[in-house]
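Quick heads-up: structures coming right below.
There are two complexes below, and they share chain A, which is joined by chain B in the first and by chain C in the second.
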Partner chain A sequence: MKRIILSTIGLMAAVLFIPVVASPYVIYLSTEVLIMAIFAMSLGLIMGFGGMPSLGHSALFGLGAYTVVALSQYVSNVYVLLGAALILTLIFSLITGFIAMRNTGIFFLMVTLAFTQVLYLISSGMNLWGGADGMSTMVRANFGFGNIASSTGLFYMIGVFFVLSYFLLKVYTSSPMGKILKGVMENESRMTALGFNPKIFKTAAYTLAGGMAGIAGALYIYKNQFVSPELFSVHTAAEAMIMVFIGGYGTIFGPALGAGAFVFIENYVSSFTDRWSLILGLIFIAIVMLKRGGIIHLLSLAWNSIVRMRKKMFSERKRNVVEVKEEEEMVNERITKSQ
Partner chain B sequence: MNALLKVSDLNKSFKALHVLKNVNMEVENGERHVIIGPNGAGKTTLFNCIYGTLTPTSGMVYFKDKPIHDEESYKRVKKGMSRTFQKNNLFEDLTVEENVHLAILGNKDYKFNPLKPLLQYKDVNEKKVEVLEEWGMYARRKWLVNQLSYGEQRLLEIILALSSNPTLVLLDEPTSGMSPSETSQFTNFIKKIPRDITLLIIEHDMEVVFSIADKITVLHHGEALLSGDPESVRGEQMIQEIYFGGGALSK
Partner chain C sequence: MSFVLTNLLSGLTYGMLLFLMAAGLSIIYGLMRIINLAHGSFFILASYVAYTFIRSGMNFWIGLVLAVIVIVLLAFVIEKFLISKVQSSETDQVLLTLGLIFVLGDLSLWIWGGDFLSVPVPGILNFSIEVGEIYFPAYRLFVLFVGILFAVLLWYFENKTKIGMVVRAGVDDMKMVSALGFNIKLMFTGVFLFGAGLAAIGGVLGGPILGMYPTMEYEILVNSLIVVIIGGLGSWKGAFIGAILVGLVDVFGKLYVPTFSMALIFVLMVVILMFKPTGLFGRVET
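Our next item is the complex of A and B:
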């Protein structure tokens, strides 16, 4: 728990720090990064800890967004809007999760894809909420201390949700529920024999991730003020999956890094060349070919080698039996748990 | 009290293949009950039916006097059952202690808690240390399962089964693949398991069988041919011919 709290504080500091040094454009992009990070982290939970590759995750993002747009015609209270988005997406993901959970692997993927397609067709076919053209709205968040209108204010507001999501996911994955989820991913039939009903743990994680994706979608409206069926598309779902992979499959923070890389590559590389998606694609392929890992893995490799180098310099000066032993133990530990 | 486990008229077919034929069997409280029989006799299938891994085609299974034959297997852990698998069935990419954590959690009500880190549960830590030390695996706690030797993995199977505070443990050929020294270590461990835990064991190694069994049931072509104490089974003419003469029990 100590480590979780410490890393959360570190993250909070980083979020607080960005607007101090960044240009308005970078702040604007970073806001988008935070939204996509919440979205990608939630997908990272069910993919990397639950073994559930979902193409239905954009359904929840879109549902959260549409909920805010639709309700904002009648109410403007941010608590009501976000609360409604959360509740609706929780219910939707609970029900669809329950149905999808009968399947695994590619069939799971197809079922979740089907849900997304249904929402896509409904949202583009109906005249409500702009149909295929989408619809814009004017929402401003007011949590009780004035309208959040500036881009820095918006960044901080979404930053709070981002840090909260990170903390929640960290706690969840270290709790019994989370450890069991991981066990189910590793060996479902064995978990049944050990006394667990796998469906419960998978559905719970799927629902939690769904609610989080819903919140991300709702926050997206506070930034973009516009919703369209595009949010429901396979494209959105696939993008989130790419973020998970390039950031670091099987970790909580990796997908957030992936979201950062994705958004920045998309925006900066596209100013040099139209082929930005090609570059992203190449990175993606490289990471998939190299198996797992992702950005977070590269960072930890770099970190480990720095630690090792310092250790070497230190131990050359003063090397005794005890240290050698310690080092051996550390190496062993590193081998056994590469995290 | 009646038998802890009672199997009555149990049948199991896979399509046309009739694997278990009217099997009747009782396991008393505290007993070390060993099932022997040649390859393909249906021993593992019997375990699967007792544990709920498979649903019997017909017949009943009573545990603590209650019928459980149509219950999901995960519910049986709470009632006090646990099992090992003939082929190692572990969490290969997790460490030894993470495997044990999961096994302990299987019978805890707080398995549904999403907010408290697992490592903060004192009883989980205590139980983990207890079982790992008891079986001489504490030094291996941080190892990944796939770094263990095959024999150690066999031991871990048993450790997992004993981690959920069971009253009845089903061990499916625990010594298969163990070295002779590991096997004798295993036999010693088994003898130390307290009698409030009942053991039902499938075993091929006759030396192990006769050193631990209170009672032996012989399964042959899906039929429980006979059940009795080790001496009477050893003395039985028919058994002598089928098993000890032909060497059918060796793999």
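Our next item is the complex of A and C:
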């Protein structure tokens, strides 16, 4: 628990610090990073801790975004909009999770994929919210202390949600519930034999991740003011998945790192070529073929090797001291014998 | 009445195209436990390649054969250098084949552009058969015939030949089959190429009916995944029945409830999964 609070404080300091040093463009990109980080972390939870490879996670992101756009025609209160997005995505993920949970592995993937496609086709076929062209809206967040209009303000607002999500996920995964979830992923039949109902814990995690993705989608509207069926596409879901893998599968902070790397690489590459999709695909293939894990794994690998090197050096020095002492003793013994 | 019959035919035609897609998808999963999300890319790539051949003045049938050969060669390279390396991990397979969708999709966008293209109907089949007051396009009847022909061939192959027997045994217990001395690697490659070839045939035949456009691979992939789920993984019979169901629901759904036709297919899938989690003809997983 102490480590969780410490890491959360560290993260908070980092979020506070970025706008001080970064250029406006970097702040703009970082805002997107934070949104995608929330989205990727929630997917990281169900994939890396629950063993549920979902291609339907963009359904929840898009649903959150559409809820805000649709309701913003009538109300502008940020609490109502975010609350509605949260509740709707929680309900949707609870229901779809309950249905999808009947299957595992590939079947699970296909069922979640199908949910997303349904929303995609419905949202592009219906004229109510702009159809295939999408729809723009004007929403400003007002939490009771004035409109948040500046890009720095928006960054901090989303930063708060990011740090909160991180903290929540950390607490969740280290709680007994999170431990059981991981146990179910590693050996479902054993956890069943121990008396836990795997479906309940998996559905709970899926619902939590769904609500989080919904909030990320809702925040996305506050930044982009525009929604289109593209949010529901397989492309969006696959992007979130690649963030999880670039960053580090099976960790909480890894996907957030992955989101950061992804957004910055995408912006850099798109500035000189239209073939981003091709490069993205090649990155996918490279990650699988290289089998090196994500950024966070590489970082911890580097950290471990530094620790090991230091230990090794330390123990060598110790051994040298011992050897010298032993030699001295032997010499002394010989001297005493000869006398 | 004529209206219903015409649409019945287009539903069945679409079903046959889905069947050619889904049969490969299903047997590849059943045997190799590999989910090939890039299977839809084979489908659309085949129609693009055939389009290029036919537009350069080639006969439709030669274009068909050449396109299938090109796709099978591509599938061979993909199987040899990529897919065979990730057999153990499901997430790796998903990631790898998703990456392949992006790469192949963007390459075809690069080469063929983003416009809607369509393969011309072969001259020999470019007429309609008139029954009473109803006109049936001969080409659709031909596709229906090809689909049924392949279903019969696959059934014969699965049940009456020795290779089919080994494949069936492999779906049930791969380890045992390999212990009996069959070359699994060869079998995997063979099944993968065969599946890709079926998808390619479906793609070229679908060219004049469905056309080609970017992101079509997702649409055809999702529909054939639903076919496979409904029919049960690893079963050709299931793929056939599932494809006909999905084809009919798709066409009639688009007719009567245009916005929700996809949702209709999906409801069908959920209902079937509620009662039979492994699909209509799926084997019970042990």
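FYI, the second predicted complex is superposed on the first by the 289 of 339 C-alpha atoms of A that agree within 3 Å, B and C clash if a C-alpha of one lies under 4 Å from a C-alpha of the other, contacts with A are read in each partner's own complex, and residues count from 1 in each chain.
Rule of thumb we're sticking to: contacts are C-beta pairs under 8 Å (C-beta built on N, C-alpha and C of every residue); 3 or more make two chains touch, one makes a residue touch a chain.
These figures come from a predicted structure and were not determined experimentally.
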- Task: Have a look at where A:Ser270 lands relative to chain B and chain C in the superposition and call it first, second, both or neither.
- Result: neither
- Greater chain A contact set [chain C / chain B]: C
- Does chain B (first) or chain C (second) touch A:Glu186, or do both, or does neither? first
- Based on the superposed arrangement, let me know which partner A:Asn197 touches: chain B (first), chain C (second), both, or neither? first
- Message: After the superposition on A, what does A:Asn304 contact: first (chain B), second (chain C), both or neither?
- Response: neither
- Message: With both complexes overlaid on chain A, does A:Ser136 touch chain B (first), chain C (second), both or neither?
- Response: neither
- Message: Is A:Leu280 touching anything from chain B or chain C once the two structures are fitted on A? First, second, both or neither.
- Response: second
- Name the contact category of A:Met47: first (chain B only), second (chain C only), both, or neither. second
- Task: Determine where on chain A the residues touched by chain B overlap those touched by chain C, and list them.
- Result: none
- Listed in rising order, chain A residues that touch chain C in their complex are 47, 53, 55, 99, 102-103, 105-107, 109-111, 113-115, 117-118, 121-122, 125-126, 233-234, 238, 241-242, 245, 249, 275, 277-278, 280-285, 287-289
- Query: Can you list the chain B residues touching chain A in their complex?
  - Reply: 51, 53, 72-78, 82-83, 85, 89-95, 98, 101-103, 105-108, 110-121, 142-144, 147, 160, 164
- So in the complex, which bits of chain A are touching chain B? 1, 4, 171-172, 174-180, 182-183, 186-187, 189-197, 200, 204, 208, 332-333, 336-337
- Query: For chain C, which residues are in contact with chain A within the complex?
  - Reply: 29, 35, 82, 85-86, 90-92, 94-96, 98-107, 109-110, 215, 218, 222, 225-226, 228-229, 233, 258-263, 266, 269-270, 273-274, 277
